[in-house]
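If you scroll down you'll find the structure; I have some questions about it.
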Amino acid sequence: MTEKEEIGYDAPTEIKDIEVVSTYRLEEEARKIVPKGGFDYMSGGSGDEFTLKQNTEVWSKKGLLPRVLADVEFPDPSTSILGHDLRAPFIMAPIAAHGLAHESKEAGTARGIADFGTIMSISAYSGAKFEEIDKGLDGGPRWFQIYMSKDDELNKNILDEAKEDGATAIILTADSTVSGNRERDMLNKFVYPFGMPIVSRYLTGSGKNMSLNNIYSQSKQKITPADVRFLKEYSDLPVFVKGIQSPEDAVLAIGAGADGVWVSNHGGRQLDGAPASFVMLESISKAVAGRVPIVFDSGIRRGEHIFKALASGADIVALGRPILYGLALGGWKGVRSVLNYFDEDFKRVMQLTGSQTIEDVKKSTLIDLK
Amino acid sequence: MTEKEEIGYDAPTEIKDIEVVSTYRLEEEARKIVPKGGFDYMSGGSGDEFTLKQNTEVWSKKGLLPRVLADVEFPDPSTSILGHDLRAPFIMAPIAAHGLAHESKEAGTARGIADFGTIMSISAYSGAKFEEIDKGLDGGPRWFQIYMSKDDELNKNILDEAKEDGATAIILTADSTVSGNRERDMLNKFVYPFGMPIVSRYLTGSGKNMSLNNIYSQSKQKITPADVRFLKEYSDLPVFVKGIQSPEDAVLAIGAGADGVWVSNHGGRQLDGAPASFVMLESISKAVAGRVPIVFDSGIRRGEHIFKALASGADIVALGRPILYGLALGGWKGVRSVLNYFDEDFKRVMQLTGSQTIEDVKKSTLIDLK
Amino acid sequence: MTEKEEIGYDAPTEIKDIEVVSTYRLEEEARKIVPKGGFDYMSGGSGDEFTLKQNTEVWSKKGLLPRVLADVEFPDPSTSILGHDLRAPFIMAPIAAHGLAHESKEAGTARGIADFGTIMSISAYSGAKFEEIDKGLDGGPRWFQIYMSKDDELNKNILDEAKEDGATAIILTADSTVSGNRERDMLNKFVYPFGMPIVSRYLTGSGKNMSLNNIYSQSKQKITPADVRFLKEYSDLPVFVKGIQSPEDAVLAIGAGADGVWVSNHGGRQLDGAPASFVMLESISKAVAGRVPIVFDSGIRRGEHIFKALASGADIVALGRPILYGLALGGWKGVRSVLNYFDEDFKRVMQLTGSQTIEDVKKSTLIDLK
Amino acid sequence: MTEKEEIGYDAPTEIKDIEVVSTYRLEEEARKIVPKGGFDYMSGGSGDEFTLKQNTEVWSKKGLLPRVLADVEFPDPSTSILGHDLRAPFIMAPIAAHGLAHESKEAGTARGIADFGTIMSISAYSGAKFEEIDKGLDGGPRWFQIYMSKDDELNKNILDEAKEDGATAIILTADSTVSGNRERDMLNKFVYPFGMPIVSRYLTGSGKNMSLNNIYSQSKQKITPADVRFLKEYSDLPVFVKGIQSPEDAVLAIGAGADGVWVSNHGGRQLDGAPASFVMLESISKAVAGRVPIVFDSGIRRGEHIFKALASGADIVALGRPILYGLALGGWKGVRSVLNYFDEDFKRVMQLTGSQTIEDVKKSTLIDLK
């Protein structure tokens, strides 16, 4: 019996460079080759999918201003965060179960990320083991995202492993103390077709054939500032609190010792009815007031979205679904193609807005559109 | 001749637990099995159905704020109103003619409501008699909604019966002194296929084969503060005025002795062109200023809507159409399934907004979205 | 050769009471029986038809407020204007060429108007002669709308005839000094299939087989305050200036001696890109400040629209296209059916908003909706 | 082998007067006869085509005010700019590669422009040579639009030729230092089917079989105020800076010596996510404060758009795509038909807004619509 037969899930396998006309087109192409349960899980949101749609639609409420006579040529998108130099202001967002998109799982993504040259976020709900992902990363930088166990001893084991694996930061996902109302998954009766080796130690099973609902309920549901302090002290690594959508929580996270604020609404997958993540960014940035770096995700599909996020207070952005679609369509090479697309598109926006450097981008003014 | 043949209306009969992915889907499923005239009557509104649509669409203008690090687990949705302890902040709204949805009529609804454990509102235009409903309720709490007769002696008879039946509050529907412009009913030439035993004493017939227009015109059309006082004094029960859509009328109702304000636009079935009921809630709540409890209905389809209503001043909400769709699809068990859905969905929203108690919900801030 | 064959236009002929569920439905029914060129002429607007659509869509930006405990029963919609007592606050708007809708032409409309009991506005571009219309009106009240000739002697002739016919007011259409950009008419190569006996004296032909463009260009194109004074002095009748869409022009008209301001954008048939007529009403009403009565048209399709117009400063409204659709579908009886519909629908709105009289309506507050 | 076979592009060839009902309809008609690659290149925009759509949709946010009793007849649309008297306030916008629309290339456009009687803008990316265009222009006025070479000696050659050809102004396109993200061109793998004789001196080829991306990257990408000064001093002609979308850049251009500000977002073809060009016009006009004339383009499709642009600060507008559609459908006669359409439509708007002169238009007030 092949592994595919065994797991009953027929993930794509091709490895090739892909042409990226737009990431929206990638989504439509990926839909054709990824099994429906997996595709809906990856692409879907919660409830009415209002927040999911807002995440991408809301960009049009802030206009970019073309600038001319600006003395700009070959704009420089490089920046740095927590000591990492980046060639472009974007990294990989933590996402569970890349194996739904491609048989190479997180190892494929990691190789594409490393080949382009940015930071890989490894999800605690990865379907691949650390050592598998390492092969793809080949020494490249990585951060570790944790869904905590109810048992802190197990959390210590996980942190030990992540640190030994070379993680240089911990991302605490704090917005998922219960699963969002994922209607598509209910309709598909979706369960993961493979296990989650990093967290299986605290699950009643391996993760395989379990629903997200079930897995979340076995994870820690009561997350408090003490957890931030625990992660920081035990790991001795910088800690991001991910899922911040209000100035109040940004202040709370920093007060608890967070080294970075990760603005995200979990890609519209948790609390439906929430504003687009971008809507909250500016007020959060004002509350953070430069004390810690801000990572932004949820809704980045074009270079102009990266520009708008940076101009509204983000230091870097994290890319999620478009990377998975690249992975589905071309394995690690597809991932690299998507990163190259964002790089080129963002540089074009820099040029046309008269921005030579990331500092110029961050000082730009957006236009309120009705 | 069977009863179905006799009444010429083929209501659903099945009794079963149902899976509720969303109440919008229930509506589509119910449409398939409920006779068209009955379904349109239940689901439709007046005029352009502008207000009907606004009732559900307007929720998206106020955003929920995800909160993290909030120290919440197993949120507690219990509350109380007028001395009734409730496990969740919702009750059954008064609705006429449940027999259109299911052959068990109001008795079926009542059993589902009682089994879940909340308050049943019995409509004066019920197709079932008090004693039939009692069998379903099995001692559970009930409020009685009255459409008044033009003749107060008959009103006294009705109040006597309701009180003897165990009603603990009277709901005066004040927004229906003439029928809304129900175009679907005109197109279907809809008449009730069965009588209305509670009010038939003041109709020229039993209610059977009569239109809503006809029935409303035989009911009391001139409703004034004196009617509130009459109901309260004669019944010696607390009285809600239902149909409040302005701060002015809330003040008027309280001045007339009302013990509760019921904010409603009759589910978009009366004055089309009115704002969504939710649009008026906050200003009404300010005018009420805590003097009496506020019940809210018209447009609740998800747990997040309950949250938004409570965060805007409601003490509890009343559920209408979704319950009838549950009744149609699964009889009393279907009703219970819908109530369980709202309970679980609301608790998820509480968790993701960092709300441990109903008091936390009521203190929450919503975000204005454009 | 029958008249139909002779004029090459097959107008509807049926005379019957019609059921009016909504006037939007009437439009769809009329579309089926009125020849395309005529129907497009009647129903269409200019340019993008932006203004045409705005006229009916903009109503939803102002919400009606349901009122309860209001002590209202059998609301009284009667009012008066310039000495005419009206059973309801609406009259017939001046419209050219009713013969496109029904073979009975303006005589059919007039009979329906008279039978219901309100004022007929006779258009200078009527396809029927005064004496034909008189038969329908049977002594009922009438106002005369004038498109002026470039030659004031001919204008005097026309005024003489109108006055002799019994007109009690003159309506000067001032917004049509050149034809709007009627794209539908261009596409249909529409020309009037019959003549215009009242103004044929100043045309190069009878009006038959002429385009609106052609006719307008032969009418007076330079209209000034002096024309208002001329009409008033020569006719010794009150004069309305029709087509007012700004406070400035309302003041200008009153300064020129106008006895009434007629707020209209010609049903979206003249300057496309103009706001909905209703949008300008409130500011015009403030500028008029009660000095003269205000008639409102352009976009009235329901009783609630009448209510909103009166609550925003209009004294009465004029009904246009819905009446023509009634004429097409049922001749004079169809006209009467439409008027009865508006009467009933408006009274329902009065009841549900707690308005006993027109004075109550005019004092009502509308709710700004986003 | 015919030229068509040789270039592998089958451009329309017909020469005839065309009926213009609306320019939107022209676009649909042109779509049927222009090869897809060429049509998409001409009609398309960049990215999501958000800005492209905004350019035409945003007009409806500002309402025109119908004015009556205004004493206007035969309105006069004539004006002047930089010493040129114009019969109407519009000229031809610079556009590359007219040969995509019609085999007569820029010579056809030029003849239509000259026959109507306004200014031709000759693009540096013209597919026709100066001497070919001259035949069409037949002595008519012309401005020259430059995409600069990286080598100023070549720029001098180009300016010499343009000046010798009779150009009376230079238009510096400053918003295209890199190509917009033209997704349609990517999908079509579009390359120009013929060369660009004016700029081929600085390309690696003739322009034929090259993509826009490639051509732009071989043009000067770093444009600064010094370039404005260079063009002005070397040519001794007035210089417009084209692509201004902010008050800041208008001031910068004037400071660099620009003799005119050309407000444009390049027809939505460069930076997607920018506001509609019209959105920025008013604030730019305030910054310019009458110091230099303002030309406006991007989105003009009707006479009412010309009116709105002039009422918001533009002195004249430039017409682009609609002219190309006219060229495709009827060669030089089609171009003339389109110009006549704009002339007539604009005069109608002048009449209906009570505007006798362009000065009246410029003093008009527009109404903010929600």
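Brief remarks on what is shown
Going by the order they are written in, the chains are A, B, C and D; count residues from 1 in each one.
We take it that contacts are C-beta pairs under 8 Å (C-beta built on N, C-alpha and C of every residue); 3 or more make two chains touch, one makes a residue touch a chain.
Just so it is clear, the structure is predicted and the values come from calculations on it, not from any experiment.
Listing every chain that touches subunit A and subunit D alike gives an empty result. Comparing the contact residues of subunit B and subunit C by number shows a mostly separate set, under half of all numbers used being common to the two copies. Note on subunit A versus subunit B: their Cα superposition corresponds to a rotation of 90 degrees, in steps of 5. Mean C-alpha position of subunit B lies 43 Å from that of subunit C.
Mean C-alpha position of subunit A lies 61 Å from that of subunit C.
Multi-chain contact residues of subunit D, defined as those touching 2 or more other chains: 370.
Contacts between chains close into a ring here, every chain touching precisely two others. Those residues of subunit D lying in contact with subunit A across their complex are 47-48, 50, 54, 61, 174-175, 177-181, 183, 186-187, 221-225, 227-228, 241, 243-246, 248-249, 252-253, 256, 265, 270-275, 279-280, 370. Within the complex formed with subunit D, the residues of subunit A that make contact are 19, 21-22, 59-60, 63-73, 302, 304, 308, 345, 348-349, 351-353, 367, 369-370.
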